[in-house]
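Next come two complexes, and both contain chain A; in the first it sits with chain B, in the second with chain C.
This part shows the complex of A and B:
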């Protein structure tokens, strides 16, 4: 009888497994009891030259470094003010906006065994965040000193009133704490810990094999005794997008984040048994699809022309066809998912080519013999498939209303120089990031008086005194309600005058194996510490 | 041996000129590309004007291109390839780390295309014009026309995703702790698909050169003589026809080594092999002039060395080569 190795039992269990994998919705299976141990392998598309998140607050750095180096607080879906404590256990701002007091967690040690104290926080704030960090240079510009009355209290003192709301919103991305004893000797920029970070996080940095992988190991003496659940996290460097999708299907990696699997492949990948497509976990890293405008061009300096361009764009088409539904149409400079600041009480620009035509006629640009009113240079940012595709779409949409746009394609470095330093563009397509608070990286997109060369800032020569005054006032308004009201007014003014045109906003998409638990359980999950992420069978 | 020494000397003098041209050309080509290393860097980080200025100063980009070129040539004269801006490490270390992978990939792919190509070339050329000849020639031409990345993708989907015979990417199993033979086998398994995609494309060249050489040799008098002597066909094919068609193939080997380096850029990215090709692509995207020049220099040295070896081999194989100069 042993001719047929298939027993009835194996047949039954096989079909039961089949049933389980198709009949149960993904979220039910993910709620099994978390398991300890295992090596999580994820795709990384690049290797940042610097893994110091206190110096370089960018998502590429956080993706790896946030598991090793922790901030004072992390973002949360349900915590008070959208935060949960990490290295700080509480925070309180003074009424005059001149100081913020942090209570720090006790019993925390660095990966090299030394205790974590308020001196580390003071050092990080004054020597790294304020003078060196890409975003901290803006938010902490008025930070004057940090008092450390005891080992577990740090009091930030500002020379000018600084909104506590802004500091709070900046805690997750801007306040990664570095060990003072490692960094106090020599140049911070040349410290070896910049490429082999030392922190307090749930994982220790183990090794980096350039071009191949990063490996992180479980920190057995993490301050939260029950965590982390995983033994190891390995980031495999997979620069090719098709390779990331293939590696997922071949079960060589468990997770590909940041839309490493192109949107066009998602529908097919979602059908692969054992894989899930997750679009949560990016809520606090909203990317915005924006048309940047060079106001030095006579035609574009005319508000009517800018309004005509806004009317010429079919936002629904952009969301449905370019983003395949993984985006939302924008109404203004603050995205819809910012519950605190967003307002829809702004002028809207419905898709209406006839209205656009009429506005262009009013502005004094009639169609010539060839049907064209004037020509423009359009520079789509090369960073995402979607920004390039939108460039192609915008060219066609503008042609309909008689504007002839010539597309200029550049690689990243060349685009950066052409738009932000040389101003050699008429229209550009940009993907700026909204980071929870408009003061962090959003107002800079329309504010005037910035020096040349600053990336993701107003380099279009736009100047509007009312908007500038509003930004200045909001930056020193302490009362949160008053501050929110100012930013709502800001959204209205921007939507009215259109220094730039907000088209759509999107978060990324992760593809993961069903076996990965606790994915996307906070609004910046991909760049958070993954202490409670686990790997099932 | 005088003959061989003359060949080497002539080649070395030429090599110095080649390297000089490569350095000047590489430096100013990358200089002509808009944007510098700081522009490429701040794309992923953002930052204000002060930070950008400090970075330019720290990376030595605040000097004029000519001044930087002078500095570069000066450090090169001291046999120092400089520091990579994107890796903030010495260029030589970064390049040497990747070189073995590229050599392994290139070497295996060349061996595959050379051996399989000449073998199939012999099969095709043993009866020029036959059905077998037509089939092989058309088949190899079709392979040659296929873009490398596409062939790579098809092989991945088929053999890695569907059949799961070979890994999708990488040079070895990550952090596996394998040693010795286990590790060699592991690397071998990872190399199968990239070597196949790179090697199969260049196979056609060897096949066609071999076949053409043989077709010509068939018309030679010595072949006629061999047939008149009544030698068996197999011996004529191997000993007389194929042997005489082999020389151009060796020339081809030298020429192809450069093309292979170019092809490995695509294949290394596709299969995530940490080699020189992928590094070069990253260096261009990051506007990392010292790194790119380092890669170009090492590749140029490599190509020069391979060609030198080919020339020596040629001189050994064919007594007529180099005899004139040596006399």
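This part shows the complex of A and C:
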């Protein structure tokens, strides 16, 4: 591939030093000081066309666009409330939950030279996040207006009390700020800046060669004068997962994120000198392995049958065999690593096929002559190897307790249509994402009354008034402690009634060359701005 | 005579041995491995020749590779034979109709055949399965869809010569219905060369089925060799046997079927030149 003829040479010169550095003891290497310059080459497994993170808040878009377009605040391992300032320097919620005041950073300019002001924030919030963004539609649904008393203050006003805790948790993924002067003319969805984003971030968008690469360049006038450290970031498009491992070993790329190297290959690649396997940097993007249930099916509308299915699944086998240990068994709809919201005081479903058999008998589904109680259609989501493999496993686990599951494979588009629009499934395997706060993308998985066709939402026809009331109450509860208590209650109710079955939760794994410094230094590092990432020589 | 020639050719014998082994595997699979071959049988990723209850080891989920190989032979052979029969029945009917009716019907049918022949069979199968959804029946249909044109052309060519023979004229004079003449008098005489094509179609069908399964378009509720190879691809570097074992089975079966068909053609060709 005639891609960037310099890359090979610069990498080779880097690799000689890299070999030398591996000879050093680890504690000496850790003390190396960050160095300026260099081109970081990373693997990209997908190639989103729309790179507007304010509209499409998804990890595939953030992976590239978060270096160009910045949010008001970024997640942090040690900052107050788990945040560090980016475009906002401080934020404060009113006691009644009806307003939030942001102080904005001064001296920030857009990549085209225009100054960044509160008008940009107001425009992004009212014209993009609230009406157009997949996640913002939920969180900012009651945002009424944004006041801009001066160029560096933005006051968000809500029509109903909105928890400040939720707004804070939503800052990193939901608040990418767009330049008003670029977007105010014409349709936002058709704006050319969606494919060549303009932001305030440490890197400018340079070019995209479809099928080959994206290239970002250092922004010399970044508001933090000492950053960024890298000169360039190149995302090399490598859709084949086996290719990423090969490219790392051949020193054609420095970093492969989002488990681009298959889990089964990690043990081998960890032994390759000069490469490191890093599983930090994904803490705030926890993926959950979930069995979605179509409650329109008579058998599945029975709680005992759902509990039987939960008892039939060996979570330890799933974690050890399918995820090769790079996952945690789930107890409910909030993952263990959410220290704020997680509770383990929920009904647990131990692996117990005998108990599952008994529950199915109780529910009135005896085994027929062929040992089968009833048949189901099982649709595993095709997005990850692990979701497909879990589908194969689930079929076997259900066969043990007498449920005959027939697997139906679809491509991504057909799967979304079958499950979320046509409801043509009995069981489905889905990988929803938990994003720090249950109200962002988790309660929607069990809440009733959603329109057909909303992906990653409750499309199984489940309706539980107690849970619906709890979700509604939590969405207006301002006091953080009371809110947390409500979400703990929510976890208990969900685990008890099983509108869906949470099986495991996982973060991704990155593989990088030893020469790449400051990786995984925040809980959503892969989709953060990489301003302090550097490349050792 | 033909049989003796066939038996004197070592290639044909080797082919026959492979094909019979394949048939035996397919027949005894449910007896030797009565459990679902997709069920979890042991520790995941057991290498071959370590645990004698699982001689060829297990895959990433702990499924028995040997059981998969046997049951996969069943799927491969079933798909190969079903697709070939469907293609030959459809092809010879179209060919007979075209050759016997001639005129406009012939033109229309042959242009349709041309149209199908211009599209690569695999592409046609891929498109058909992705629209109709993967299941054993659609896979068979999809393969037959690309394979019926060969038998149709050969049948038509045979029939063009047979229909001018005396016994056909005789049947016409006796007052037989043209459809009856076509199906009872002409078609049986045109069949042998068409049947000679069948083994080539079977081999092609086995390969197409494996490719579809490899791409995830096979029936996910059955073991197939292509599916096993695809499964093994994720661990190609650490457990290559998972892809290599079904790969070898696939190569051997296709080779076997080809050798048999070679042998048959060779033997019957000599007979023809002698007579």
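Throughout what follows, the second predicted complex is superposed on the first by the 507 of 537 C-alpha atoms of A that agree within 3 Å, B and C clash if a C-alpha of one lies under 4 Å from a C-alpha of the other, contacts with A are read in each partner's own complex, and residues count from 1 in each chain.
The working rule: a residue touches a chain if its C-beta (ideal position, glycine included) is under 8 Å from a C-beta of that chain, and two chains touch if they have at least 3 such contacts.
Note that the coordinates shown come from a computational prediction; the quantities given were computed from them, not determined experimentally.
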*Pick one for A:264: touches chain B only (first), chain C only (second), both, or neither.*
second
*asked:* Applying the document's definition of touch, where does A:411 land relative to chain B and chain C: first, second, both, or neither?
replied: both
*In the superposed arrangement, which partner chain does A:336 touch: chain B (first), chain C (second), both, or neither?*
neither
_Taking the superposition on A as described, I'd like to know which of chain B and chain C A:242 touches: first, second, both or neither._
both
_Once chain A of both complexes is superposed, is A:385 in touch with chain B (first), chain C (second), both, or neither?_
second
*Pick one for A:393: touches chain B only (first), chain C only (second), both, or neither.*
second
_Touch test for A:322: chain B only (first), chain C only (second), both, or neither?_
second
*When both complexes are superposed, which of chain B and chain C contacts more residues belonging to chain A?*
B
*Looking at the overlay, what does A:456 touch: chain B (first), chain C (second), both, or neither?*
first
_By the touch definition at the top of the document, which applies to A:135: first (chain B), second (chain C), both, or neither?_
first
_Let me check the overlay on chain A: which residues of chain A are in contact with chain B and also with chain C?_
242, 410-411
*Under the touch definition given earlier, write down the residues of chain C that touch chain A in their complex.*
36, 38-40, 44, 60-62, 130, 133-134, 216-217, 220-221, 233-239
*asked:* If we count contacts the way the header does, which residues on chain A are in touch with chain B in the complex?
replied: 41, 46, 48-50, 56-58, 60-61, 132, 134-135, 137-138, 189, 195, 207, 209-213, 215, 232, 234, 236-240, 242-243, 246-247, 249-250, 252, 383, 410-418, 421-422, 441, 450-456
*Tell me, which parts of chain A touch chain C in their complex?*
241-242, 245, 262, 264-265, 267-268, 321-322, 382, 385, 389, 391-393, 395-396, 399, 406-411
*Contact residues on chain B for chain A in the complex?*
33-37, 39-52, 58, 86-88, 94, 97-98, 153, 156-157, 160-161, 164, 167-171, 174-175, 269-272, 274-275, 278-279, 285-287
